[in-house]
Every structure is written in C-alpha cells, then in structure tokens.
Amino acid sequence: MEKNVHTFIGCDCEYDEAKIVLFGAPYDSTTSFRPGTRFASSAMRNESFGIETYSPYQDKDLLDVNVFDSGDLELPFGNPEGALRDIQSRTSEILDDGKVPCMIGGEHLVTLGAVRAVAEKYPDLHIVHFDAHADLRDDYLGVKESHACVLHRCWDIVGNGKIYQFGIRSGDRDEFKFAKEHTFMEKFGFFRLDSIVKKLQGKPVYFTLDLDVLDPSEFPGTGTPEAGGVTFKELMFAVEEVAKLNIVGFDVNELSPVYDQTGRSTALACKLLREILLYFYK
Amino acid sequence: MEKNVHTFIGCDCEYDEAKIVLFGAPYDSTTSFRPGTRFASSAMRNESFGIETYSPYQDKDLLDVNVFDSGDLELPFGNPEGALRDIQSRTSEILDDGKVPCMIGGEHLVTLGAVRAVAEKYPDLHIVHFDAHADLRDDYLGVKESHACVLHRCWDIVGNGKIYQFGIRSGDRDEFKFAKEHTFMEKFGFFRLDSIVKKLQGKPVYFTLDLDVLDPSEFPGTGTPEAGGVTFKELMFAVEEVAKLNIVGFDVNELSPVYDQTGRSTALACKLLREILLYFYK
Amino acid sequence: MEKNVHTFIGCDCEYDEAKIVLFGAPYDSTTSFRPGTRFASSAMRNESFGIETYSPYQDKDLLDVNVFDSGDLELPFGNPEGALRDIQSRTSEILDDGKVPCMIGGEHLVTLGAVRAVAEKYPDLHIVHFDAHADLRDDYLGVKESHACVLHRCWDIVGNGKIYQFGIRSGDRDEFKFAKEHTFMEKFGFFRLDSIVKKLQGKPVYFTLDLDVLDPSEFPGTGTPEAGGVTFKELMFAVEEVAKLNIVGFDVNELSPVYDQTGRSTALACKLLREILLYFYK
Amino acid sequence: MEKNVHTFIGCDCEYDEAKIVLFGAPYDSTTSFRPGTRFASSAMRNESFGIETYSPYQDKDLLDVNVFDSGDLELPFGNPEGALRDIQSRTSEILDDGKVPCMIGGEHLVTLGAVRAVAEKYPDLHIVHFDAHADLRDDYLGVKESHACVLHRCWDIVGNGKIYQFGIRSGDRDEFKFAKEHTFMEKFGFFRLDSIVKKLQGKPVYFTLDLDVLDPSEFPGTGTPEAGGVTFKELMFAVEEVAKLNIVGFDVNELSPVYDQTGRSTALACKLLREILLYFYK
Amino acid sequence: MEKNVHTFIGCDCEYDEAKIVLFGAPYDSTTSFRPGTRFASSAMRNESFGIETYSPYQDKDLLDVNVFDSGDLELPFGNPEGALRDIQSRTSEILDDGKVPCMIGGEHLVTLGAVRAVAEKYPDLHIVHFDAHADLRDDYLGVKESHACVLHRCWDIVGNGKIYQFGIRSGDRDEFKFAKEHTFMEKFGFFRLDSIVKKLQGKPVYFTLDLDVLDPSEFPGTGTPEAGGVTFKELMFAVEEVAKLNIVGFDVNELSPVYDQTGRSTALACKLLREILLYFYK
Amino acid sequence: MEKNVHTFIGCDCEYDEAKIVLFGAPYDSTTSFRPGTRFASSAMRNESFGIETYSPYQDKDLLDVNVFDSGDLELPFGNPEGALRDIQSRTSEILDDGKVPCMIGGEHLVTLGAVRAVAEKYPDLHIVHFDAHADLRDDYLGVKESHACVLHRCWDIVGNGKIYQFGIRSGDRDEFKFAKEHTFMEKFGFFRLDSIVKKLQGKPVYFTLDLDVLDPSEFPGTGTPEAGGVTFKELMFAVEEVAKLNIVGFDVNELSPVYDQTGRSTALACKLLREILLYFYK
C-alpha cells in the first residue's frame, strides 16, 4: 500500500519530468483586515477534485501536461522575513532545476519572496500585476514587509517602468500618485493589456494574480472584497493574453476560503488555476 | 378548522382544474461532490412566500392560472432504480390525466424517471437541456444511473439528434466527443437557441433545466458551482424562447439550499419557477 | 485618555463644521420576510475601516470633506409611529442647522420619518427612489406604516407626479397600477434617469436608496433578494447622475449584514456611501 | 391526487378528534436584539421529519395520540395589538371546542395573546414560566406590548402570586425587585419546582416555555443567548414534573433557526415538543 | 523533491511497520436526512494539524506508535453494494497483513463492509456499538443496505447476543422491540459497560463509534443531531474501557463537517481519534 | 450633537474617576491555526448591548462602578515586537495613573506586552493563567514571540514558581515537562485553585484568561477549539475565587467571533467580562 498522496488534480507527474512546479505558501500574518488566506492551498487541493482536468475552453487536459505539486511550505507565523526567506529558497530551487515556479498564496506579501528569487535569475525582470488594490504603500503602520506594500517592495528590486498593474480600484491617494511616477497602472480593468503584452514580448515576466481583482459577486472568498471588479470571463481573456509572454514564474493569491461558505470561490480558483496551467504550459 | 396546506405560492387550485401539476423529487444519492438537493422542493415552497404571485415581466399572475402542487415523493435513498420507478409512475399518472408534469429536483438523475414516462407517451420526444455540465458519461465510477450520466441515459431512450444542450462548460474529453456525434451542443451560452426553437416547432419537447447553468455569482446554492455561466437575464430570455415550443413536461433541478445561506439562490429559483409556469401555461 | 469614538471612516469633523450629518435608524419591526437591517449602521461603521477614504473613481478623499456621524437613534421596537417621530425629530434638527441629513436604515419604513421632516421644510419636495420593490401598497396585512407601503405614505405627503422610481422589479398587480396613475416608474433599471434629472433641475429632492435595487449577486445581504437587479457599476453611474440634483436629504437602507457572511454586502454599502458622500458634498 | 399537507410529524388527525391543537404565531416585531423567531414554526414542521414519532423516554408514540396542526396565523408585522388579537381569537376558538391550545412562537410577546384568551375561560389561571429572562419590565423604550414586558402584562391580568418563574438569569435590577414583590421566581434553575407543582394541583395552569432557558451550548438558535442555562436533561425532568399539573394551554417560543446553522436547535425543539405533547396528552 | 503526502497527524510510518492502518470511506448515499459525511476523512486529515500528537490524558504520543494512513477509497455513489464490496476488500487486505483496520466514515452503512471482512476472519465476532440511533430497521423505505439498517445487517451476520449497543436514544418502536429480543441495548448512556467489558474478555470485538452518540452541544457536526447525548468526558472513559477488549477492527463515523462551521466537531473527532489510536495501540 | 461614543456597556465614566481601564489589543499575527481574534474587542463592544448591566449573580450593576473604555490600540500586523511595545506603553500609562488595566485580546501573545509593564511596576508579580493550552514552548517554528510561547516568555520575566496554570489540556510533551519543573500546572480543571488563592494572598497578581479554557460546547468561537474543557459555571466559580487576590492587571483573550455565527461565544464573553469587572472592582 502506498502512502496517501494529495495533489492538485492532475498535477501528479514525477518531479524530473515537470515543467511547472506548484507549491503553497500558507502565510497571512500581515493581513490588515480579515485573515484566512493560509487555508487557500489546502482548500484548493481538496476542492480541485470537484472540477474536471479537461478544459472545454482550450480543448486541452491537465492529464496531458507535466505539472508537479510539491505541497506546502511550513512558514513561521509572526516572522515575515523568515517566511520570505523560505519562499525565496523554494523558488530558487525550482528555477535552478530549469522549471517554472507556481506559488499558491497566502496573502500577497508572499509574492516578494518569489520575486526576489526570480529577479536574481532574471535581472531584467518585468512584473504583470492583476489586483483590486495598488499595494504600493511604502509602509503600513510602520511595517515595510506588509501585504499592503508588496508591489512597492518589488519596485525596490526591479525599479521604474517594470511593473504593469491592472484592475486597481482601491488605495490611498499617495499610492495612486506613486503609480503615476513609477509604474504603469490601468484602473478598474484590462484596457491596454494587449499593447503592453506586445511591448513586453521576449522579456522575462513574473505574473502575480491577486484574485480580489475579480468582482466579489463572482469571488467573495477573500479578505477585502472590493466591489466593481472584473468578471471571470474578462479575467480568462486577460490570462490568455498574458500567456503570450515569456512567463518565468507566477502566483495566485488571496483566496480566503472561510469567508465563502458556498465554496464557489475555491471552485473558481481551482478552475482558473487549471486554465492558467494549460495556458502557460509550453 | 382545515389542515395546514403548504404549496408553492399561488399553486393551490383543485387537481381537476389544473393544467400543470408540480411535484418534488427530493433525491440526491448519486451526487458525486456536495449533496443537498433533496431539500430544494421543501425550501422552495417555504421561500416562495417571499416573492409575489404577480410578474412585472409578463404582466401575468399565478393567481390567474391553474397549477396544482401535489407535494413531494418519498424516495428510497440508496436505491436509484426504485427512485426512478416512483418518479416515472407519478409522471405517467399526471400525463394520463392530460396535464403537464413539472418536477422539482433533486439531483439531475431524477430527470431520467420523468423522461421515461414522457417518452412512453410521446415516442418522438425531443429534449432541450440547459446545464453547466454535459452529463453524458456512459458510467460514473461504474454506476450507470448517475447524475453524471443522465443525458446519456436519456439518449439511450430518444436516440441521435433529439437532445439539444445549451450552456455546457464542464465535462471530460469523452463527453464532448460524444456530444459531437450524438447531440446538439452549444457551449457556454444560448447562441443558436432561436434557430433550434424554430426547427422544433410542433414537436413534443421535454425541457430540463439544471440551475447550475447560471453563473455561481447569481446562483451559488448548488453542489458543483462552475464559474463562467449565464446570467439570470439571459436565462429569462432563453426560457421565453423555449416557451414557444410544445412543452409536454419539464423540470428544474440541482438547487442545494444549504450551500447558500444568503437564501438568494432559493429566492431566484422561486422567481424563475413563477416565470416558467407563467410562460409555459397555455 | 479620550473616550472611544466610533464613526463611519473619515466622518469625524466637528458638528458645527459639517455640511452633511449621518445618523443611523436601526429599525426593522415591520419587515415582512427576513428581518436584520437594524444591524446595518453598526456594521457599516465597523467595516468602513476595511475601505479607504480615498476614491479613485472621483479622485476625492473623505478626509477633505466635512461630514459628521452622530451615531444611532435608539428606536422603540414594536412602535412604528414612535420610531417615525424620533427619526423626524432628528432630521428636523439637522435641517434646522442648515445641514443635509443622511440616514442609514433600517428597513425602508424609516424613510417616511425623514420625508416628513424634509417635506415640512421643502413643500415642493420631489423624491427619487431606487428599489427592487414598488413599496406602493396602501396597507400590508392591515398595517399602513409598513415598509411595503412607504412610498404610498410618501405620496400621501408629496402627491402626484413627485415620485420617480427606478429599478422596480417586484410588487403586486395593484402597485404597478397605482404607479401608472400616480408616480413615474422605470421598471428594471435606470433608463430615462438622465431626462428626469434634467427635468428636476433646481427642485428640492430627497433621494432614497433601497440597496436591494442591486442584483443579489453583488448584494446578497438583504432581507428579500430579488434576482434581475442592476449592477454596482450601473448604480454608480446613476448616483453620479442624481448628484446633479439639489439633494436636500438622502438615505441608504435595507442592508441586512447577517444574511451575507462573506461580508461583501457591507463592504459594498460602505464603498457606495463613501462615493455618495463625495458626489453629494458641495 | 390530494393537496400537499404539511404538519408537525405525527400531528395529522382530524380536528374533531384532536385533544391538542397546534398553531404557529410567527411574529417577532418587538424583538429588541436579534429577530428571527418568525421562522420557528415553519422550520419545526420541516425538520420534524428528521426525528421519530416514537419516544424511547416515555415508550409512547405520536402516532397513538390525537394532535391537530392547524398551521400558522398570518400576523401583521409592525402592529403588536393586531397580532395579539389574532392570537387571542385563535386560542379562544380552540378552547371553545374543548381542546388544549399549543402555540409555537414567535417572540415571547405572543404569549400575551394566548393568556388573554385562556384567562377569560379560566379566571383562576396560574402561569408556569421557564425562561432565561425575567420579562417583567413595565415598558421597554416606551413600548408596553413588548417581549421584554410580557410577564408584566400577564401579571396585569392574573395578579399577584399567580406567576411562577424558573431558570431566570438575566434582567435589570427593577425586574428582580418586581419579582420579589409580585411573582415566585427561582433563579438559574428548577429548584423547588416539585413543591410548586404540589401546591398548584388542580388549578388551571398555562405553561409558557421560552427555549432560551436552555444553555446556549445545547440551544444556540435564539436571539439572545444567555450563558449559564439549564441542560436538556434538566428541562426534560422539569417538563415531566409540569405535566402533573392541569395544563389548559401552553406555548414554546423563541427558537430562531437562522442563528444556528447546525440545525440542532430546531432538532432539539422538535424533540422537546414531541416529548411535551406526549407528556401533556391525557 | 518528494510528492506531497497528506496523512492524519503523526500517522506516517511505513506500511510494513504499522500495527494499525487507517483508511477513509467517504460514502453517504443512503443518508436519509442531511448528507455530508463523505467529507469527514478529508476534513479530519486537514484539521488534525490543529491538534498535538501528544496526549496529556495518557502521557503518550502518536510519534511513538506506528500507524499508517492509506488514504481514502474512491467509492461509487448511488451503488451501495459496490461501495460495500470495496470497503470489504480493503479491510480484508489489512487483516491479511496482520494489522488492525481503522475506518473513518462516511455514513454508518460503511460499517457493514468492514464487519463482513472482519467476521470472515473472526467467526466468533462480537460488536460494541456506540450511537444515538438504534440502526436496527429491517429496511428503510424498501432499502435493506441503508445506514438506518446497518446493525440489523450486522446481526444477520453475527446473530443473537453478539451486539452490544450503548447511548441509544432514537428509533422507531420496532427497533427497540428488536433490540429486546436480539441485542444488548443500554439506552441513553454507558451504564453497565464495565460488566460487558468483563464478559467479553478475550473475544474478538469490532468497535463501531457513531459520533452522534455525543450530545449535539459538544458535537453538532452531524446529519441528525439528537439532544440528550453523552459528554466528551463520558465517551473518553467509555473508550478507555473498550480498550481493555481484544479489538480486531474499529471505525469512527458520521462526522459531517459542513454542518458545523465553528470547526469544533472536526477538532473533537481528531482529538478523539488520537486518543483511540493511543488507547487501542498495543 | 455629540460624536458617537462606543464603549463596552456601562463602561462610560470619565477617565479620572475610573478604577479600571479597558483597552482592546486587536492583534493575531502569530496565530498558527485559525486567525480572527483581532475582531474580538470590537464585537464585544457591539454585542454588549444585548446583555444587561445588572448581575443577578452578584446583585451588582455596572452602572454603579467606574470603568473607562479607552478603545482599541492600532497595532502593526506582521510586527510582533512593535505590537508588544504599544501594548506595554498603554498598560504602563494606566498603571502610572493608579488604575487597573484590563486588556481585551487578541491572540494570547498580547499578554506579554501587558506583563512586561505590570512586572516593571510590581517586581514580585505572580501570574494566574486559565487556558486549554500550556503556551510554554520556547519557540514556535523558530519564532520566540508567538502565542504558543507566551507563558514561556512571561516565565523569562517572573521566573520559577510564579506562574499558576489551570485547565490545561493540550501541548506537546516538552511543554508538560517544562511545567513540571518551572510552573504550577493543574491539568483539565480548577482543582486546588482555592489553596493557591490562599497561598497568594497579598501578592500582586496578573490574571490572564484564555477563553478556550471553556469547553467548545459553550464557547466555540475560538481559533483552536479543544474538547474536554471547563463549563461556564465552573469558570464563574473560579473567577469568584481569583477575585480574592490582589489583582493588579488582567486580560481576556482568544475570542474569535467569526467562527461562531450563532453569536453566543461573544455573548458569553460579554457576560463574563461584566461579572469579572464586578468581581474585581474594589
């Protein structure tokens, strides 16, 4: 008898054969409003068995691609720097083996750990960021390594003109001012995404998807639901567009299953991850 | 003092005067993911008193039409064949009295019982099917009489070219292949429904509505929420279109009240049933 | 050390400096289906700290305007007339000080108390009403001061041709007949709102917003969810349009936080109130 | 085909044969904290099919006794006096036919309507009252016909020394003072119930059971959960004791199903009602 | 990198070294009231990481014993006989390897599959059964292989005087009559358990624990909560007593996580399983 | 008109007159299982209006004592040391004014901030600790300032023989070993509390109450429910006993309202805090 192996549906190839490697980063210690994203990766593995491996959108099947699910990191709550180090280390290990890391958050801060590793390997890194919130504060209540500052911290690494933000509809006045000077920001939706995709052809790109970019009517299971978001269908088109880039790492974060007892937020996240894996798999 | 009578709102005429007869089929034993549809008919009767009998959409009123609610069947859990027999028997009884049966599921398997009865009376039966899932598997984990196979079982009865599926957005690869060869399938929405309706004029039609064809943002109260569905308004237009057919039986299924504690899925199902009854009543 | 002060976010100026004055009317005794709106104002104050004071839609900030939150009235449950008197009295006090009252309901009946006060000061008062329900019954189960009759009661005060209703999609046959004869009613949405706004230029207008005008997919946290509603984005445009009028009082009602455990209905109501305050502040 | 009849399990005899007659009083307009008891009677009928008709405690079966369930009254929300009149009228009708009325509330105020009718027939009426709250205020926020005053209103009718209260563990200082002068009150539990029962032998007794006398650990589904209550087993013994009295009317109230999504409060209320019916049936 | 292995906490030894082997039987197709036990084993694995491996009750640690978690069976919903065959087969395999099977249900019917295998190996098998419900019907709505009949089916195998039932507090009249003639039944609690344990010394015993024997106040997460149950502490003493027997197989069933959103039912089940494993491990 | 003031019920005297000063410490960043305690103090203020100020247990009233509620600290999530500094500072300020601080957590880590301040003023400080968990780890996943280590950190300050723990029923083996050597620990309940109280007469004592010492049946609203706890009535007796000590500071923590949608955990915490304030007020 074999031990019980529990992966995201269809992501059970051997490590050596994998082109994409999943891992969970169940961390939400700096969440300022309603925590709970630490349960996202576990919930997604469980609920993924409620969806199919086959995509009628792309006529492709997870059974035909090689993705390896390496499980969750065990991260130290209350120690953001330690958590970021562990995430960076896992990401580097995957990159060193010539594979593409796919991280399931966790709060958005976890992106910083992955970006540190990816930027080390790809100095010319660009970042495409879908989110309801700008996440551009310099500090939040005195904390610099906070989910509310994560794109500012990424900007510390990649610098001006490298970050492209879409769907943003919340933030304080200073964040929007910062965006005007240092990033590309498209408020409310994906307008101009196609031209950005054309512009970034060939560049190494990290894609970070905060699921609260979706409208809370379709995705209520998140800590800070923000009305006026994009639809699932719009997001699917946008992801298809992003797939034309040279994606060297990506993450999906901010699912907080406990706030949506209908289960549909987790189901949507599973379906979306299936589609992203099938789109990004080359 | 009279005994307490508990019907769907406005459906309290005498049996003899009724043109449409409601019954509930509270069965969900083959549900593979999250059960709970057995509570749908009871919940809909309770919550129907939160809506009006009057439709501002059609300027018609349930008080002006004759619908009889005959209550719920008592079905044997764990014995699909027995349950199907009971459903078939109740459906035949209604048909024999020259009335149109309207069944409230239950999981989608219950449709098979009704279709058996209706196809017996109308050998040239056609089926119009709205659903998120193809439900075309030949068997599911070895079981043939499963909700996941129900349209395949119906095809066993009515044969090629008689089943018209709309809104489908989930299934395994084989189901979509089967559809190409044996049914008409419109993925994702209601495109081409109008031409199908023209084509089927005069034919006897059974209409089966799996409510998960709706987007989970509007209808989260179902066992397998599948993002990317149709809106309530789109469904209303589609139902209006279907009402132009010669409907000889119909069902509404897969509401699972327990997964939506806001109550709006049940409220939507009640409103939709009111509209369907008013559209289909001739 | 100061006593703990608890206001809607950013609404903490001194009373004398305020142009708009908030108060809560936590009353839901005549609710006929699912009560719970009494908790709306308290929940909105709590949850308002999950949104920002800055609006990226208008590039304005609550920190730059003067709004005073005077807390909740303590209203006598089971005594509608007493509750209405208290609401009228608070509204008059605010009007007498030359400020604009903004009431957070509560069930829709509370609007009657405010309209009594406002109509006293502005005899030529017009009312703009967004709602899913007509609320035009003459009585409800024999009760005249009921949420289901509130616009009929307002009509008793302001008379024919002064009430403009939008988004209505539920009511009994008599209410729609009454509307044809006595009010302006736009079913289902905001069509023709712009021309009404033009027509009402310069008139004193009370604006009453029943949040269930929104589709339950975006706003499930209400007692009587009614499918087929308007979207948040449509409502935002409509509110922007209404802001062109001479608003002398307004209310936001029918949020029932307990029915939406995801918290997003309350979050939406907070965001919407921020936008309304910023739009209406002159 | 017969119309759908929906009663509490096993309570389906003909009216003429019944000794006990059930009715629901779904009213909660004066509830001061969390409303929802209006759904109790409907929920209890639905959920009663999850229990058995047979009691292993008493070795008796509801199938062997004659109880008639006459359904719910339709009460005017926002009009306490009207609601009380309707309750009084139904109660009188049952008493006039020589049967024992059993009312399912609703908030505790409904007891007043029943007591008015019962006291009219039995001028020497005594009341046994199980509750967490004293309910002895003279008025509540100026309202006299409020759930918080209901036993004070009953005292207006029956006078000093006729009311026996058990399990009380909440109230303001004045209520406890009032109790010392005008009623018999046993705080926290059922101590001395047996001697009261001995004392009241032969007297006509109305029994009113506010289910929040139970500890919230066993019965969380109520508007104002109050820690430190009695256990289900203690309550069963107490009810067995009360059954030795000459019960001429009784009620069970303050179940609020929506606050207990586990369903066990409703299940407990159903089981308890079965036991009470079997104990009280003579 | 290793594939993700997901076991009940501390149950991760190699199969060959294990003395006890866990498996999940996620099946609930014959459930007559509220389904959901199919999610128990998965929920218990997830939530087991919220408890410790160390027991302060026994001063023992799961880290010091050898238990192997072999994961969940994939059972065919809607086909009870097929499901029972799969369970029997897995149980036999474990027994043949000289290990003790521990099954996590699922509805109580799953016990039948395990008992078939165990009785084959141990013809003199005795059964100790803790439950709120007698489960002794001969059939339920015509179905013989139903959760409500499972102990009757076990009696078909082991015969008179071999089944010992404790904590029973619900059933129909016939079940209690059947018990008098064919089993040993202790209603409501564990009285006389010690003498039964003495009597059964040395006999092979299968222990089946329906968690609804617990009071719903401590364990609300089950389909049919039945007031008047035993406490966790009483159950712990009873389990310690049972551990003195020669246990050759056991199961824990009827946890239905979805009905208890506080999570404490699952947490209690995890803690109890830890204690049982430590008590039964020899 | 006055600004809206929001305090725990009856705690609205002026600061100068107060003997006890409340403050909230809404922090839960190191929570290892299910976060949410950050909402405790706000929920308790809101829900406190559902209880009375009068205690029938003590025949005392909050209206007759002087307690000041200074609101919540704004603590930096993700920065435990910063949060502890803020808590220590507030506590010192209250102590310096000759008042007794009462902190509402938050996760249990917040106790460390208060103990630092209190131990500074009272070098001979003793600690009485009620909890389900030992909280004695030296570090947790490498973090020293974690809720799981908080009593170990307190021991760093006060040293051997100064900490008295009651009700403990969970921890790893090392924590129980540590307790044997360095603290007084009573497992499972309050046995021997009276003799400890006698022994500590006159000593300055800090009392820290982790509400999960209660059984989850009475208090499910906490992150890590642990079966086998004490009852509310036992805890009331124990608190009455503790009140005989010289309490120089105290806290109540680990209420996590979101996990208990019945609201009774918050209601219990409010009632308990009322009783504690009345017991401790001298």
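Lettered A, B, C, D, E and F in written order, each chain numbered from 1.
Keep this in mind: a residue touches a chain if its C-beta (ideal position, glycine included) is under 8 Å from a C-beta of that chain, and two chains touch if they have at least 3 such contacts.
Everything numeric in this text was worked out from a predicted model, so none of it was measured.
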item	value
Chain B and chain A - chains in contact with each	C, E
Furthest chain, CA centroid comparison against chain C	E
Same-site or different-site touching of chain B by its copy chain D, using the half cut	same
Length of the line joining the C-alpha centres of chain D and chain F, rounded to whole Å	38
Chain D: positions in contact with at least two other chains	34, 215, 217-218, 261
Each pair of chains that touches, named by its two labels	A-B, A-C, A-E, A-F, B-C, B-D, B-E, C-D, C-F, D-E, D-F, E-F
Chain A contact footprint on chain B (complex, rising order)	33-34, 168-173, 176, 187, 215-218, 220-221, 224-228, 259-261
List of chain D residues in touch with chain C within their complex	28-32, 34-36, 38, 74-80, 82, 109, 140-143, 145-146, 258
Complex interface listing, chain F residues touching chain C	1-7, 12, 15, 21, 42, 45-46, 68-72, 93, 261
Chain B - residues contacting chain C, complex	49-54, 56-57, 59, 61, 215, 217-218, 232-233, 236, 261-264, 267-268, 271-272
